[in-house]
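Please find the structures below.
Each of the two complexes below includes subunit A, the first together with subunit B, the second together with subunit C.
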Partner chain A sequence: MDMTLNAFTLSLLTGLQLGSIYVLIALGLTLIFGTLGVVNFAHGALYLIAIYLAVSINNTLGFGLALILVPPLLFVIGVAMERGLIQRFYDRPHTDQILVTFGLAIVLQELLKWIFGANNIPFAIPSWGNGIVMLHDYLPFLEGFVVYPKWRMILVVVAIVTVSAVFALLHLTRFGLVIRAGMRDAEMLQFLGVNINRRFMVVFGLGAMIAGIAGVFGGPVTQVSPEVGMQLLVPSFLIVVIGGMGSLGGAVLAGILIGMAQSFTAPYIYLNTIIIYLITVIILLVRPRGLLGAKGVFE
Partner chain B sequence: MSVTATTAPSFFSCRELNAFYGESYVVQGVSFDIPEGDIVALLGRNGAGKSSTLRTIARANQPALSSGEIWLNGQALHNMKPFEAARSGIQLVCEDRRIIPGVTVEENLILAQIAQPLGWTLEKIYSHFPKLEERRKQEASTLSGGEQQMLALARALARDVKLLLLDEPYEGLAPVIVQEIERMLQEVKKMGITTIIVEQNAVAALKLADHAIIIDTGVIVFTGTAQEVLDNQTLREEYLAI
Partner chain C sequence: MTDVKSEKSNHTASGWSRRDVLKATSVGAIGAATPMFFTQNAWAEKAIGNYPIKGSEVVLGFNVPQTGAYADEGADELRAYKLAVHHLNNGGGMLDTLKPSKLTGNGILGKKVTYVTGDTQTNADASRTSARRMIERDKVIMVTGGSSSGIAIAQQYLCNELGIIFMCGLTHSNDTTGKDKQRYGFRHFFNAHMTGKALSPVLSKEYGTDRRAFHLTADYSWGHTQQESMQEFTEKEGWTTEGNIMTPLKTTDFSQYLSQVLNSDADVLVLNHYGANMVNSLTNAVNFGMRDMQKNGKNLEIVVPLYSRLMAKGAGSANIDGVLGTSGWNWALEDEGSKVFVKTFTDEYGFPPSQAAHTCYVQTLLYANACEMAGTFYPPEVIKALEDFEFTGAGNGPTLYRGADHQCIKDILVMQGKSPSARTSDFDYLRIVDKVDAKTVDYDPAIFGGELGPYEPA
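Take a look at the complex of A and B:
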């Protein structure tokens, strides 16, 4: 593989940027998975709702309001989805959960297609985020004119901040302690007087809210069309599996891994299409619980 | 104004409990009362329905309660969820201890103090269980079996416990450790906490208990004092194999 330093750096950045979107979606997915034990195939649809809400608000009221409104709206939509539908399937087999969430995803996708049409809606990037970054200014070892879109850099920063915030919430707060413990033994927490289901409902909302943040910043990058949800769902789901069910660290690691793999195999079209599955197969053969999967979670 | 003699309602009482897993009833028509401060040994063979009875009282989702009433200190538990029963004073120290893995010893205790009403403070727990203080920052699942049992008991005392349900507290422990746990349970007895103990080691349970209930295939077959069971050889042979 003959690669210049310039090309390598660009592939690295693209890998990070791809990984960022995957991580933001996989983070919510793995949180919901680890706490509620539900395979939420409608999570891609939550991202879809987020990008359509974001583009509608952005193109009329401005980006600032989209940023303020979309994540809390997604939180509310997530909680409503959990209370209204998903909670009825907790005691049902996983196949039922997959069918109902997948069905919901299709309904939401078609609904959005009906309202907004099947074509991509242009997402106007706010002026402060527009333009390109001259990489040579920051990385002097690069030669010549190497640039990267500023917005994609911002997306990476947003992912880092969001991931850090979720980790802080889970590891530095009492709420986080209850959630981490609840992932391991929800029944025991109930025996200790904790209304764990109410907290898990909040986690579902948080997962949706992260999809909301992903939508606000990812919309301009992934485009705004009805197929985007499903396109992102499959890799995100595999990332959850590769990382280890319910493991946030695993989701981050696997998300970056898959992003990098896709970015670096981009020139080789055949390899590029199968690389995610290839990695999944290899990792699951070596580590059936995934990279950082804990014993007892979702088993 | 006439004075009518009424018997005071029992501190704990369950009436005609029926509970099932899937298709099979594991608790059938179980009724008994416990006065405040008493310790009852719930005995019977493997699979007789002892643990299921405790789980039913703790209002676990499985086995599901199909009919019957559970009263504790004037509160109706039969319509409660498990966390509500816990808040009303039920504390189930589960079979296998159910120590939360992935968090520390101290965090296991903190988790017992998320919801009101609370019992012992951490300081009080550590003064009674110095071993737990030594290991407070340690990952809880790395504790030995005896230490885990200690933590499970301490976790229950961290809550305002009105009825303690002990499910196989001696299970899988070395004889020396069993003695240590026995001493701890004698202390609990002195505190006057109303307790139901389920134990394969019937003799050990009867040493602790005031009363005994023997259960067979989900049905109560004997109720009496602990001493009566120890004295009645046919009863012991038929239902307890001791």
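Take a look at the complex of A and C:
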């Protein structure tokens, strides 16, 4: 298939949009890993809870309330999950953490299936986000009629704003300073009298809250069925690995890279299916710590 | 370990080597079994699969997806199976409409019908494990179920090998009764070829003969055959095919593929997707504005070759409004068989059955009736009773269970999505546009190749 400027623009936008979902999920995953050292395989299930909460609230009370309620609810669920289960596994081997979080993911997935059924629940896009954007009206180099769904462009903007907010929180606030210090050396921080455990609890909640934001805006795109969490978990986890375990910048970079790769290889099914693994292998061969992986993390 | 030691260890204190013991055991076993060989007479006594059945009960194995993407369809299949068992033991339902029928409502051949269930998980390995467990542990005489062609074909091969009749559940790939057909496998549901044949004339009538189609296709057995059949029959109507992209089965966001469609000259999008796949791809396509778009001076149209009520509900009626596809059966049909099935199912469960439920219910009754006609559970005779069996009163008009490939040749339905305002209930998503008769969708079974194999498994 010839790659015209129109096709290139569409693929670029699609890559950005696919990457946005991945980034929003991988961001929480890498944040939790970077601070707590926990490989949280239940993160996909947090996204799943978010989309089910979002669709339930959206379809009854409207999108506005879903947007206001779902992220804080996910924060609370995240904190409860951390206090109730995850914190008991901080000192256990990574294999134990993986097993318990993976098990939790399956339990949550089946629970949601039991409550809502295995069939998809239609997620209506609010009227202000519905419709398509006439790209050719704004980009004069495009020929003819080139359009893109408005909601997906909103999703990209939401991802940019969320990523910026997380970076600002970590780099411009005292809370972020403590968290970053805790990521480097949690023990030393405790010697200095900082209750790092409480802050880590907040970080876990924060990771879950980002999954909440992803659910509210990503639900209409990924759709709402019990399989979605697991399907997004594997690419998101690979993105964390490619980006460098615990590196927020790396997760963003890798998310966009994977999104672009999937978008541009779409016409070639066999390449499209393996591209994410191919990129993982190549990057890990060239840069074993991932794109922006820090020395000493997960080694 | 040394050679001397290992040699010594082969001998017992009495001087018997392990080999001697094995030989003696084998000879003893053959000796013990010998009288049974000679007391067997004719076919009726020969053991195949779990035949002969001991005791006063016969066990059927219902292997359906209870988890995974098709769990809702699986749940409906299971409801239908339980209803079929109830009717077989107590009478009622389609036992009153199926003709010809030897079913009496007193079990099968006087034996009370019981069942065990398994979970295919919409996974070939899991479905085989589950089927094997039912066959070996629970001693089922027949296995039925499934909601995917990959799973149906996997179970069909296993059952054929073990001498157990497999009555397919919901499977629509040409391969099931084509290149992968088996003597022990039977399909009541229609297939992709029949969909192409029935749907394409309706499409050209509705949308014209000068159309350019772009296919998005689920990358597995069913998707491939569905795409080939749709391409073949739409091209016979004068359409051209702009492109086809195989999409991985687990895709949830189809935007990268839909971008390719947008960038082509196609004015019809054919979604060879089923279940959650179709729900996602159709919803995504609507988000891309494809329902309101014009290409080549024509409205861009979306076609979903295989429809189900559960899929339509998942996609939402606003999205499927006007979209054409095919179904094997619908609860709104007015024939006696359909009416009695819908009534008994609704009385029992509170809502009407899906097409998956219908095909599973009918398959169970057809198997039971074949046993009654054969007068035995002996699989080769039951198979012969099913082959070329012609019947009515099961919801699809006069139907032939074709002997050459074990495919039912029957009427199929062209369906169209209803608009939200046209719906009358929570189950009313699709309208019957056309009932295409069995003669029109019939085809030469030789075109797909494959061999049924022998009546007695090797």
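Keep in mind that, in the parts below, the second predicted complex is superposed on the first by the 298 of 299 C-alpha atoms of A that agree within 3 Å, B and C clash if a C-alpha of one lies under 4 Å from a C-alpha of the other, contacts with A are read in each partner's own complex, and residues count from 1 in each chain.
As a working rule, contacts are C-beta pairs under 8 Å (C-beta built on N, C-alpha and C of every residue); 3 or more make two chains touch, one makes a residue touch a chain.
Worth saying up front: this structure is predicted, and the values here are computed from it rather than measured.
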Touched partner set for A:178, first subunit B, second subunit C, both or neither: first
Touched partner set for A:228, first subunit B, second subunit C, both or neither: second
Touching partner for A:62 - first (subunit B), second (subunit C), both, neither: neither
Touching partner for A:72 - first (subunit B), second (subunit C), both, neither: neither
Which of subunit B and subunit C A:191 touches, first, second, both or neither: first
First (subunit B), second (subunit C), both or neither touched by A:103: neither
Greater subunit A contact set [subunit C / subunit B]: C
Footprint of subunit C on subunit A - complex, ascending: 1, 4, 6-7, 10-11, 13-15, 17-18, 21, 110, 113, 117-122, 124-125, 131-132, 146-149, 151-152, 220-223, 225, 227-228, 231-232, 262-263, 266-267, 269, 272-273
Complex contact set, residues of subunit A against subunit B: 174, 177-178, 180-181, 184-185, 187-196, 294-296
Of subunit B, residues touching subunit A in the complex: 58, 60-61, 81-83, 86-87, 91-92, 94, 98, 100-103, 107, 110-112, 114-116, 155, 159
Subunit A-facing residues of subunit C, complex: 67-72, 75, 219, 243, 245-248, 250, 252-253, 255-257, 259-260, 262-263, 276, 279-280, 283-284, 287-289, 293, 310, 313-316, 319
